[in-house]
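Input: structures, listed below.
Each of the two complexes below includes chain A, the first together with chain B, the second together with chain C.
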Partner chain A sequence: MTNQDPPILLDVAGLTVEYGSGDDAVRAVDDVSFQLRRGEILGVAGESGSGKSTLMTALTRLQRPPARIAGGTVTYHPGGAEAGIDLLAVPPARLRELRWDSLAVVLQSAMAALNPVMRLGAQFADVIRAHRAVGRKDAWSRAEELLELVGIPANRVRSYPHELSGGMRQRATIALALACEPEIIVMDEPTTAVDVVMQRQIVRRLMRLRRQFGFAIVFVTHDLSLLVELADRIMVMYAGRIVEIGSASAIYHDPRHPYSQGLRDSFPPLHGPLRELRGIPGSPPDLRALPSGCAFQPRCPKRQPECSASRPELPLEVEHGAACLLQRPADQTRLPASKAVQ
Partner chain B sequence: MSTTPPATQAAEAAETPEAILQAVGVTKRIPLHGRDRGHVVHALNGVDLTLRRGQILALVGESGSGKSTLARLLALGDVPTSGEVQFAGKPVRRADRRTHFGRVQMVLQDPFSSLNNLHRVRYILSRPLRNFARTSSAELEGRVLELLERVNLTPADDFIDKYPHELSGGQRQRIAIARALAAEPAVLLGDEPVSMLDVSIRLDILNLLAELRRRDGLAMLYITHDIASARYFADEISVMYAGHIVETGPVEQVTQEPKHPYTKLLLAASPDPDRPTAGSSEDLDEEDLAEPPNLLAEPVGCPFAHRCPDATPACSTTAPPTHTFAASHWARCWLYS
Partner chain C sequence: MAARATAPARTPVSGALRALTGSVAAKRIAFYLVAGWAAITLNFLLPRLMPGDPASAILLKMTELGPVSPQREAVVHRLFGGANSGPLWDQYVSYLGGLFRGDFGLSIAFYPTPVTDVVISGFWWTVILVGSATVIAFVVGTVLGAIAGWRPGQRFDSIASPLSIFVHSVPYFWIALILAFVFAFQWGWLPLAGGAGRNVEPGFTAAFIGSALEHAVLPAATIVLTSISGWLIHMRNMTASVINEDYVLLARAKGLPNSRVISGYAARNAILPSISGFAVSIGMVVGGSLLTELVFNYPGLGSLLNQAILNLDYPLMQGLFLVISLTVLAINFIADSIYVLLDPRTREVS
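Right after this comes the complex of A and B.
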């Protein structure tokens, strides 16, 4: 155990993403700031419409019109170095170099992420040869190695995506993300389309690979109980904003935002005593007509009169904090000067 | 036709509510076309399942295990290759479809595609009222409002003239439940009724279904792959694997003392933040499983044999016997004989 924090790889500050422009603009991600450290798994939890997928596409600059980045910076520090690159400002050619090489993505639908009319090996070779000076044969044998890394037999390199099972396809996209040994992998619901047994295997494999290669992961899902097992830190999003951020065990054992509490209590326990659970009354807000003040107040069991008057901010520079008026500054856990994330 | 259900006899030993809807030795083979012509998918193999008045049975298993096929057969949306579906002890046939539809209703997974977007709630709910509950035009509006109130869409007047696209996912699923209730069924078949909904509203819907069961004595089948929600919501669990039911029993027994190796695997794979070994290196170094079963091959022996950590040579050649542990808890596995 070192006494020092792993260096920061990704520094997101005030990121705002809107759909459309002018008065009709819908703010899907609103003033989001967080940091990702080397080798860390950062979980992003939220419901549909919370902005978690929009955030992922913005981080990697994969957003498409009408989505547009309205503000903020995403600074990538290669190898944790002091000097950073603003991913939102780099020219497209440089961005192409960084993608796959430093920053890779795994998307929810593996079938849509793979080209249906290309053999797996050819798709891997495409990626590898765009970033490394290797011949076709070497690229294909690298593809075989990568597939074996995720538990797919090497001879499958000649298969087309439709010849693989759903779990295999998802693992193939993970192998593809590893092709150039990136430092950061962004995963948007990578296990939602597979069943629990396969989900467990994929997660386990991912953790093993992280131990081996030391990449950092931003893992987006709506399944908070999965995140608690998998992630080092978790941020909970609601209506485009981070409402709580903290270590996985803090979010599970001591959630401070009423929404995180509700979300945690929406998962019935597998063992231990059963009691009646209520979920969260109401439904997620319409981003076009957000309630005044705190976006969660209409559904909040602990609502105070002030909640509709002012919007609580997420305290910066804290290890565990929630954007809630009920949280007095003293309740927020300060980040100790030298605290190892893992 | 006189068939004695082999597995259900043990279950009837204790004083249990009467059986309403049963699958008795149901087998379904689905022939393939095109390039795979001549092959059949062995979707269900000798399945026995009993739904009882006022009870909720959860059916869990991985994708492709035959859960939805079984629900479709129970709803008479399709006919079994062999075996039969019985309602109140009498076999139901294709000819009884109309009466059967009035007694057995389904709630489907995706409320965004199960409701016709071109019709208002009023129309969607009045069709089954006219067709099955024989409601006259004069009573219709009152009955629709009553249905909306039963699924907690209040004030009902606000919802009756809405189109589905004006409703949220949770509200749509309530409409789908109200539509199923309109026929005054004795059995509700829920095919993953909450898995498309946001996590924060899933419990709302499950609590609503539990309330309906308590108040109206409905029998329910709850198909899911989320075993934790099955534990929360159901009375009994049946675990399905490759078209076979491998274990059935009361929820607490199946989830806390699973007997079949596949049930153990499912429980071990489900996310559980309280698990002591989560994330530890011994957990990470666990071996991966073999690939899912091939449903095209004729089932021989135990369907789980090639992935089972406890498999013996006998497992892949001879079908395992049914072993009963306590009243109504049984598993099909060679480990116990």
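Right after this comes the complex of A and C.
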């Protein structure tokens, strides 16, 4: 690690999430490790069922039964400090203090994420007052400031969620995430439910807010093209595992895992001449009966006989690496290589 | 942006119409006034539509009980029509006039007590007994249901929910009989029947209130035991589905205390359908809990209705039906108004 790199905020190691227990357990997230640095936008891309939403809830220990964390650690380093807190092991009271104060969440469907029977301001005020010693009045005026930050008129603070448009609601949930100025915001497909024009506006505003407040984002989406523009680094997930991790430009220009290549080729290029669009044949695997060896092997256009024999591991401590047998160790870009700066 | 485009264009005509019909509250009040008028008018028409001549039957019964003065005869004709009682419209006007004076004629079953006095005597017994039992059952059942639904499948839920379904399927008069048999007859802990001790003078005295409470325990327990399970199951199912909503997940992500997540987010939304059900059952309170009142010989409206039917006491029945239907309307009006406060989505968006 070079000295210029911002300090690590979140260190996820061997995180495994299962649905159910015993022999029937299904692994939705399998041995996932990654690091999030201060102020960084880390994109998580994958198809439906790749485990990306399960990963998001597990990061904040919000998984609901029958999901349970079967192993691993999620270490949070406040302010990038050396000493870390394992979010999966802290007592519930301490976890409650850390939630939203350090680690906020934006959910996919803003309509469903806001309480339909509470005024917008009250939904800001209750979280502000749970974490800060402020009065009711101050909490409400803070809510007005936050709404204006995302371009919603301050007088909307007395509105109910159903009185706002879809785009407004989504921006309101982003404003809500900023309420306690967290260091990390986990976003689960925050732009999926809005049209592309609104999506563009939200992304641009998000970038501006990040410059202003310096928070780091884990951005979960199936939209790889959006991530290429938005993220510093991208993590591609398949069947609950990370199959490739690297800088956004490396994933876009030089995808090394055949699955990442397939994902990239299934949307039109951002710049330059059009190339032929290709989908990925087949459908995501059944997690209850994963194929032997590499989980992608039955759909892979570059399949080799040995692919079904052993499962390739993602090399650790690499700048850009893929979990694929076709990748010889020499191909993995090792740290401390020059970091692709956005 | 999208919402603005889909908003309907307001024409001057629709604006004027809106001003005429006024606010949502005015519309609601108007609806309830019309419904109340319909109830009163049906009450007037029904005895007149009956085959035969109820007025003559009532008069015949009254003469058996004692001499009938011409004024009393006129009252019967005003309330029930009859052969020589003038055109329908005149009858209707004098019927309404009698209503506003609170004059419903004389009860046959309690001859010659006026119906108004009979109804009032039963009204408070029933409202206090059934009303408080209904409120207790709703509060306890809903709270327990929220607890069970918050962690579905866990220990409390796996005991409370099957037990509720079992209790719910037992006929409530049977529970009343069991309670009366065990606690009043076998063990003699509590009085077997009546609203208060016979030798206690009614009034705001400690002796009377104590006696009334003692008499209310078993009938109230019957109502609470049998209706609590319905609220519990309903609230449990609603809570169990609401906790899967994203706003509950977000409330947990906010780091709010569990009590706040339940009260402000999960139970707060899950209770909305129960509130409508509660309004209906509060409205039904004045109808009395007929079988419970019969088992415990409780002097409430349910017992009165039973006696009115047994004695073919049409004046009392008419009075009871009117009180019941008007109270149901009044309670529903109040509940409707409260519901609008609880669920902003039912308010008209300005």
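Couple of notes before you dig in:
Throughout what follows, the second predicted complex is superposed on the first by the 325 of 342 C-alpha atoms of A that agree within 3 Å, B and C clash if a C-alpha of one lies under 4 Å from a C-alpha of the other, contacts with A are read in each partner's own complex, and residues count from 1 in each chain.
The rule is short, and it goes like this: a contact is a pair of C-beta atoms (placed from the backbone, for glycine too) under 8 Å apart; a residue touches a chain by one contact, two chains touch by 3 or more.
Note that the structure is predicted; figures quoted are calculated from it, not measured.
By the document's definition of touching, of the two partners only chain C reaches A:Pro116; chain B does not.
When the two complexes are overlaid on their common chain A, residue A:Glu97 makes contact with chain C while staying clear of chain B. When the two structures are aligned on the shared chain, A:Asp86 is found in touch with neither chain B nor chain C.
Judged by the touch definition given at the top, the superposed model places A:Asp254 against neither chain B nor chain C.
Once the two complexes are overlaid on the shared chain, A:Val105 sits against chain C while remaining clear of chain B. Contact with both chain B and chain C is seen for A:Asp195 once the two complexes are overlaid on the shared chain. Of the two partner chains placed by superposition, only chain B is touched by A:Ser225; chain C is not.
In the superposition on chain A, A:Gly166 contacts both chain B and chain C. By the touch criterion defined above, A:Ser48 lies against chain B but remains apart from chain C after alignment on the C-alpha atoms of chain A. Residues 165-167, 195, 198 of chain A are contacted both by chain B in one complex and by chain C in the other. Per the touch definition, chain C reaches chain A in the complex via residues 1-4, 153, 243-247, 249-257, 260, 264-265, 268-269, 272, 342-345, 349. Of all the residues in chain A, the ones that touch chain B in their complex are 47-48, 151, 165-168, 194-201, 204-205, 207-208, 211, 222-226, 228-230, 252, 262-263, 266-272, 274, 276-281, 283-284.
Chain contact summary for the complex, chain A toward chain C: residues 57, 60, 62, 64-65, 95-101, 104-105, 107-109, 112-119, 126-127, 130-131, 160, 162-167, 173, 195, 198. Within the complex, the chain B residues that touch chain A are 62-63, 168-171, 198-204, 207, 225-229, 231-233, 255-256, 265-275, 278-279, 283-286, 288-289, 291-292.
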